[in-house]
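Below are two complexes that have subunit A in common, paired first with subunit B and then with subunit C.
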Partner chain A sequence: MRKPYVRPMTRWWRRDPYFVRYMWREATALAVAAYAVVLTVGVWRLAQGQAAFDGWLQALRSWPSIVFHLVLLAAMVIHAVSWFEIMPKTMPMLFVDGERVPAATITRAGLVTAVAAALALFALAWMLKP
Partner chain B sequence: MTPNPPRSHAPIFWGLFGAGGMLSALFGPMLVLITGVLVPLGLLLPPDYMSYPRMLAFAQNWIGKEFLFFVISLFAWHAAHRIFYSLHDVGVHAGPVARLLCYGAALVVTLVVGGSLLAIGW
Partner chain C sequence: MKTIPIQVLRYRPEQDAEPWWQKFDLPYTDDMSVLQGLLAIKDDFDGSLSLRWTCRMAICGSCGVMIDGKPRLGCKTFLRDYAPAGLRVEPLAHFPIERDLVVNIEDFIDKLESITPYIVPKEPRTLEQGEYLQTPHELELFEQYSSCINCLLCYAACPQYGLNDKFVGPAALALLHRYNADSRDGARQERMQIVNAKVGVWSCTAVGYCSEVCPKGVDPANAVNQNKVASAKDYFLRFVAPKGAAR
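Moving on to the complex of A and B:
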């Protein structure tokens, strides 16, 4: 019997730069998950008292943690940018004066909002300084 | 047609995915920068910025409590949903076991954070 040809599907996404972007975008979920776990451990240790929480703070100050968070930061930026890039496709169609709002306008508005939100959060953190 | 067709639970998970995705797109980068880089290194913000008494007071405050609960749990539900729907793309069968692991992990995060915040009190 002839052996049928099966097109290999391993690393299929390498065939097209569009798919590579898609995979990067989806992979940012790993960073979001990792950061949620880091914060979950922090809140859990906080409930256990000072000694436990100080251990978590100490771990955050280690170099592996700093490098890890820089990687998370890069992934979060990719997530934020790609989130607003695909928003014109994921949200309902938007019309102003009977004209459909162009995708680029929606993306730009989203990115401006994200930068404003980040700056506002930093300003709030700054005001809460001891 | 049946008068009351069975309703899908998919919109709930899609909604949690969207809410967490939007929240992490708006605040994720700055949160990671503050808690993971600036405060540990003492850059711009003092190194004792997240000290135990300060974070305890933050978690005992209603606004701080809700912030922690919604940020952490929605990040987890967003990631769980996205990872589950990407499994097929990396050649993993997205069956009931994978579904249980993904959404179960988000549920564990939600319960641990919620339980800890309740234990911290007001």
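Moving on to the complex of A and C:
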């Protein structure tokens, strides 16, 4: 007698720590989008003139905004690290001098590039500071 | 002799409305695999336990089960690593349970057949013309994907397959890529229809667990995601190139 039993998928993301990490990677993409919105509002306020832009800068300096940015920063670090971890699996095989580039090297190269880009941007902002 | 507590998920379609856990205190030695443990249960404790197995050396791909919630080959996992706390063994996730540890894999077999899982020669050669030659680099492009043993641990690790079993899934797509990436093959265009479908590579969300659990180092997530690039090229190139250019 056949009576196949299908197990439910309820709350599947809690079943394995790997799935929990995956869900964090995906959820923190919302933080990236949120920061893009913050920057877009800045550009929009800039187009409205000096006073509007100064108002936006003032709003960024408020306590809730600083806390919000710290949360966004933490989320972006999680997002960047977890994405560079999966990156070798998402790209075509890379060969250098006929040897395949190992996954760990690709992940490291991604992380180093991200940190270098962040530092370069920070340095640029520091130099342009009025 | 040392013993280890082991719980096995039982399901007998004639008697049971749903699966239930059966406990055993299993005498074991350090060299015993989980598969050997299950066979010892069948021999010495409960002969009605059903499970699949054949080779006992990680090549037949029949003994895949969930061990403490993780997809693993019973023959490649050792009881000693779960002592003294014990372990729970259940059938592979995301497949309907047929009986005890036996799941229904017909869905995968259909998918495997659908991907044209063999080389369709690009240019037919006669015996006099000799063998098809390949460089080591051409071999490396597909070799790891040919190591798949169809054990289906990757399907048990794939939540997208669990949520929608129409998804072609990791192993079938990795094997599809194995043939598409082979320089001798000429059936790429046929297989691209499966790649491009909504239930083809685009149902994958790069969870990546399939590659973690693979006992043969196939890296199905890599095969699937390389084909997202191939599928995108296939889609856009037809607008800019004349017919047949997307190969």
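Note that the second predicted complex is superposed on the first by the 120 of 130 C-alpha atoms of A that agree within 3 Å, B and C clash if a C-alpha of one lies under 4 Å from a C-alpha of the other, contacts with A are read in each partner's own complex, and residues count from 1 in each chain.
By our rule, contacts are C-beta pairs under 8 Å (C-beta built on N, C-alpha and C of every residue); 3 or more make two chains touch, one makes a residue touch a chain.
Keep in mind that what you see is a predicted model, and the values were worked out from it rather than measured.
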item	value
Touching partner for A:13 - first (subunit B), second (subunit C), both, neither	both
First (subunit B), second (subunit C), both or neither touched by A:93	second
Partner chain(s) touched by A:47 [first = subunit B, second = subunit C, both, neither]	first
Subunit B versus subunit C as contact partner of A:113, first or second or both or neither	first
Touched subunit A residues, subunit B compared with subunit C	B
Which of subunit B and subunit C A:5 touches, first, second, both or neither	second
Doubly contacted subunit A residues - partners subunit C and subunit B	9, 13, 26, 90
In the complex with subunit C, residue positions of subunit A that touch it	1-7, 9, 12-13, 15-16, 18-19, 22, 26, 86, 88-93, 95, 98, 100
Subunit A-facing residues of subunit C, complex	11, 13-14, 18-19, 69-70, 93-94, 96-98, 104, 137, 140-141, 157, 159, 162-163, 205-209, 211-212, 219, 221-222, 225-226, 228-229
Of subunit A, residues touching subunit B in the complex	9-10, 13, 23, 26-27, 29-30, 32-33, 35-40, 42-44, 46-47, 50, 53-54, 57, 60-61, 65-66, 68-70, 72-73, 76-77, 79-80, 83-84, 90, 110, 113-114, 117-118, 121-122, 125-126, 129-130
Contact set on subunit B toward subunit A in their complex	18, 20-22, 24-37, 39-41, 44-52, 54-56, 59, 68, 71-73, 75-76, 78-80, 82-83, 86, 89, 91, 105, 109, 112-113, 115-117, 119-120
